[in-house]
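Each of the next two complexes has subunit A plus one more chain, namely subunit B in the first and subunit C in the second.
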Partner chain A sequence: MNISTQNRRDFLKKSAIVTIAPGVLLYSIAQAHNAERPVTSATRWGMLIDTNKCVDDCTACLNACTEEHGLTENVPAEVKPVWIRKVTLRDRQTGKESSLPVMCQHCENPPCVDVCPTGASFKRDDGIVLVDRHTCIGCRYCMMACPYKARSFVHEVLENQKPHSPRGKGTVESCNFCVYRIDTGKDPACVEACEAKGHQAMIYGDMNDPDSEISKKLKEMSSSVLRPDLKLNPGIRYQGL
Partner chain B sequence: MKNVTFCIIEGKSFAFYGGIIVSVFFILLGLFAAYNMEHHGHIITGMNNQIVWGIPHVFAIFLILAASGVLNVASISSVFRKIFYHPLARLSALLAITLLIGGLSVLVLDLGRPDRLVVAMTSYNFKSIFAWNIILYNGFLLVCTVYLWFMMQRSMQRYYPTAGLIAFTWRLILTTGTGSIFGFLVARDAYQTAIMAPLFIALSLSLGLAIFILVLLIDCWETKCSLGEGILIRPKKLLGILIAGVFYFVLVYHMTHLYFTGRHGVEYFILANGGIYTVLFWGGYMFLGTILPLLLLYHDRFTRSKASITTAALLTLIGGFSLLYVIIIGGQAYPLEIFPGKEIISSSFIDNAVHSYTPSIWEIMLGVSGIAISAFLTVMAVRILPFMPRSLADTDVDEVFKG
Partner chain C sequence: MKILKNLRKLGFGLLLVTTVVGASGEVPMPEIPKAKQNFSAEQSCIEPTDIMRRQHGTFLKHYRNDTTRRGIRAIQYNLVACINCHVTADESGNYPNVHKGSEHFCRSCHSYAAVNVDCFQCHTSQPQESFSSDMGPVQSD
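Here is the complex of A and B:
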């Protein structure tokens, strides 16, 4: 009898665990991953790049981007898709040199979105500017409109695509802030690579959240944007430029 | 008023069949180029991530502008009631349709995804001038077709002036839209100016009239329709005025840029240091496309000769094409000013150099096929329907004019 009662109790316990545990697990995953949360304008993703910390000959962010999105086509430089590039500048007046990565600036008022005839270029509510590869007709007007030359056209047949970052021949593409990583609570690949190198020149976060690291830094120090005269309010800000 | 009679072309001559064969040959070449661009990607073209619009766009915009401008002859007849131009109105409206189809074909076949044309037709971003242009171009085809119908069917002729007015207004808006494709680009020094719209309107009128004169001469030669010198004198005078009009807008455009310190770089590039762009501006547009035709049209020595009018029309087209090449490709070749006040020491994406562009044979094939499509459609149309006046002899036209 005793044995049988014990068995029944065990059975009920195990059944409860088997039934409830996956639900609890799924619930906790849902809580941990932002992908389940709706994208709203309460968030404004942005990046602060400290040009004083960006090392001139370091290309860790570029390599990470190439690896992450499979931008490995072996084609001439003029047609090679470039989502992020390194630029070294010298101030014409003072002679100060700075090194910085340049990518899609994820503008608040993006000209690429304005000009796109089909609406394939669009801005998510959280400020990330993306291209819908299903409705891009490959007219390249967005490339004409982008003040930062941040967009590339896929000129060639693609091989070895990454499933998480699909691309398409004959369509336009640009930095997507590794949106699928952000939606699951991770940093973009370039930021992670910069951090792994120990340079910490790139800080990524929600510029609308006063407690985020990026907001605190932006509040503490002066920063600038590229082409401020255009009043596009880019999401990428530079320090020390 | 003596009724103008129209005829179809006989279509039995060597010139007719020759024209058909040549245009079909170039259309097939263009389709072959488009197939290859679609199959291999745009890597086989000279276009790249720096020069994103190349010679196919020059051909396409050239044809689209000419389509809008060529309707001018019909507009003068129906909107401004100049009966003198009435016999030519049908051909004018026909050319507006065929040239636009030719230009749009090139534009569509150059897309990265031409198979998604249906997306472009059904999914609109109304803030985009490009999207508006899609509506304007399609609408223009419709408006011109109705205009032609009213023009050609006697029972509908009372609506003909209204249709003419709508077509006239529509094409002004259409060319404003085409110019604004460049005028609305905020970041490029060569563009971002409202004058692009009137400049393109003026250019469309001169290109359109030049094409009209040439087509009229060819058709009259083919149909052996008597063409009096008188019929060419008025368009000739108008062509001169339009060439001068384009020059005025080009002058104001460059004067404005020369005044803005921030745009001295691009001006120096186009006017003095831009290699092929400088040569095309001064040699192609200014000398061949403006000074020479004006001399041919206004100098006493040449002014009444049919050959000089033909040459002037041809030179106008060469000048217009050169100007469009300089605007479209030269404007992109000059590097973007992304870092004002900074010198770019190095860049992994060619930020610090003038961008190079060499058109590939595929692009030229595609571009020329646009002209071939327009020519083919025009020849077929004048063979099937009566677009051509039976006589343009001075005596007949004068009688019409007197009426």
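Here is the complex of A and C:
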């Protein structure tokens, strides 16, 4: 008994050295080659959608999303992935209809993160809510917790995924704000598509930066969030609702 | 003491199995496809080959967290870059299947070592069409 305990300790000691040493080495390599820093909470990414500019039958943002993330698998309609959809809201009192794109609202207090048993649903320091598919077990608690119906589950084996947007069977996914584009200074695909159509209904930017276009607009115009009663403080805001 | 004895027996058993398989040639050595380019004149990959062989899994796993969770993307241990450089098309322009056969770069060794590789349930196993030679395309999630 003693012998085996001793061996185990020795083993653990040795393995710690083995794993720590390359870790330290790696870190210095990464510093030398890497100009980029981790994201911080100094930034909060957000989007302002002007429902008056959003055209009823336009699906440019939806198509761009499908193309960008390769959401093209041939599956029955009820299990098709939906990262963004067009919703028509009608004011019962006045009859005014507004058409708006709805995607993951990148909540400041995301219920999907609260319920996730593995920590796979997480919020980046800059406010983007993501699923780390490396640790997602596909339990779908987050889908039930999300009040905006923003998440989809991949039911079938996928092939030829986009290199920048990996996704696979048995995991949950949702709008990731085209995070790899944002991190390299590009606009999300939907924003780019809306602009290319000349509709300019979507602005995105850093809501913590007082000089950003989105911050200035938010200060100037009245805007609202979907289901403010839930107090989730979404990063997606709507104007003209 | 008994444990030690048993361990020795087990070790001997393993040795025996290895020898038998080796001698009968049932598991042929993997034929590893050549990469598209060398990292530098002195070095074929981003780390010396023996380090890459042993540690590529650790590199990828360590940095996937940095990229996915912390948004650090200028990382050369990058699965997209590995695939872009290491996976080559055959004469008719088709890429090998990572789930079948042994022609795919990753698969060639992983079949030999009987180690399951799960990466490609989500990540594509084929190069980007617009492969640039800078060894550092956009790092995925």
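Throughout what follows, the second predicted complex is superposed on the first by the 206 of 241 C-alpha atoms of A that agree within 3 Å, B and C clash if a C-alpha of one lies under 4 Å from a C-alpha of the other, contacts with A are read in each partner's own complex, and residues count from 1 in each chain.
Here, contacts are C-beta pairs under 8 Å (C-beta built on N, C-alpha and C of every residue); 3 or more make two chains touch, one makes a residue touch a chain.
Worth saying up front: this structure is predicted, and the values here are computed from it rather than measured.
J.: A:K162 in the overlay: touching subunit B, subunit C, both, or neither? Say first, second, both or neither.
T.: Once the two structures are laid over each other on A, A:K162 reaches subunit C alone.
J.: Who does A:D126 touch here: subunit B (first), subunit C (second), both, or neither?
T.: A:D126: touches subunit C, not subunit B.
J.: Is A:V82 touching anything from subunit B or subunit C once the two structures are fitted on A? First, second, both or neither.
T.: first
J.: Quick check for you: in the superposed arrangement, does A:A42 touch first (subunit B), second (subunit C), both or neither?
T.: The answer is neither, since A:A42 touches no partner chain.
J.: After lining up the shared chain so the two structures overlap, which partner does A:L226 touch, if you call subunit B first and subunit C second: first, second, both or neither?
T.: first
J.: Should A:V179 be classified as contacting the first partner (subunit B), the second (subunit C), both, or neither?
T.: The answer is second: A:V179 touches subunit C but not subunit B.
J.: Contacts for A:A196 in the overlay, against subunit B (first) and subunit C (second): which applies, first, second, both or neither?
T.: After superposing on A, A:A196 lies clear of both subunit B and subunit C.
J.: State whether subunit B or subunit C is in contact with more residues of subunit A in the superposed arrangement.
T.: Touching more of subunit A: B.
J.: Between subunit B (first) and subunit C (second), which does A:T171 come into contact with in this model arrangement: first, second, both, or neither?
T.: Both partners.
J.: What part of subunit A is shared between its subunit B contacts and its subunit C contacts?
T.: Comparing the two interfaces on subunit A, one with subunit B and one with subunit C, the shared residues are 157, 168-171.
J.: Quick check on the complex: what are the subunit B residues that touch subunit A?
T.: Of all residues in subunit B, those touching subunit A are 38, 40-43, 47-50, 52-53, 111-114, 116-117, 119-120, 123-125, 127-131, 134, 181, 184-188, 332, 336-351, 355-356.
J.: Taking the complex as given, what residues does subunit A use to touch subunit B?
T.: Of all residues in subunit A, those touching subunit B are 59, 62, 75-82, 85-93, 97, 102, 111, 113-119, 135-141, 143-149, 151-157, 168-172, 226-227, 229-230.
J.: Which of the residues in subunit A come into contact with subunit C in the complex?
T.: For subunit A paired with subunit C, touching residues are 3-4, 22-23, 26, 30, 33-39, 122, 124-126, 130, 132-134, 157-158, 160-171, 176, 179-180, 183-184.
J.: Show which residues of subunit C lie in contact with subunit A when the two form their complex.
T.: Answer in residue numbers: 1, 3-4, 55, 58-59, 62-64, 66, 68-76, 80, 83, 121-124, 126, 128, 137-141.
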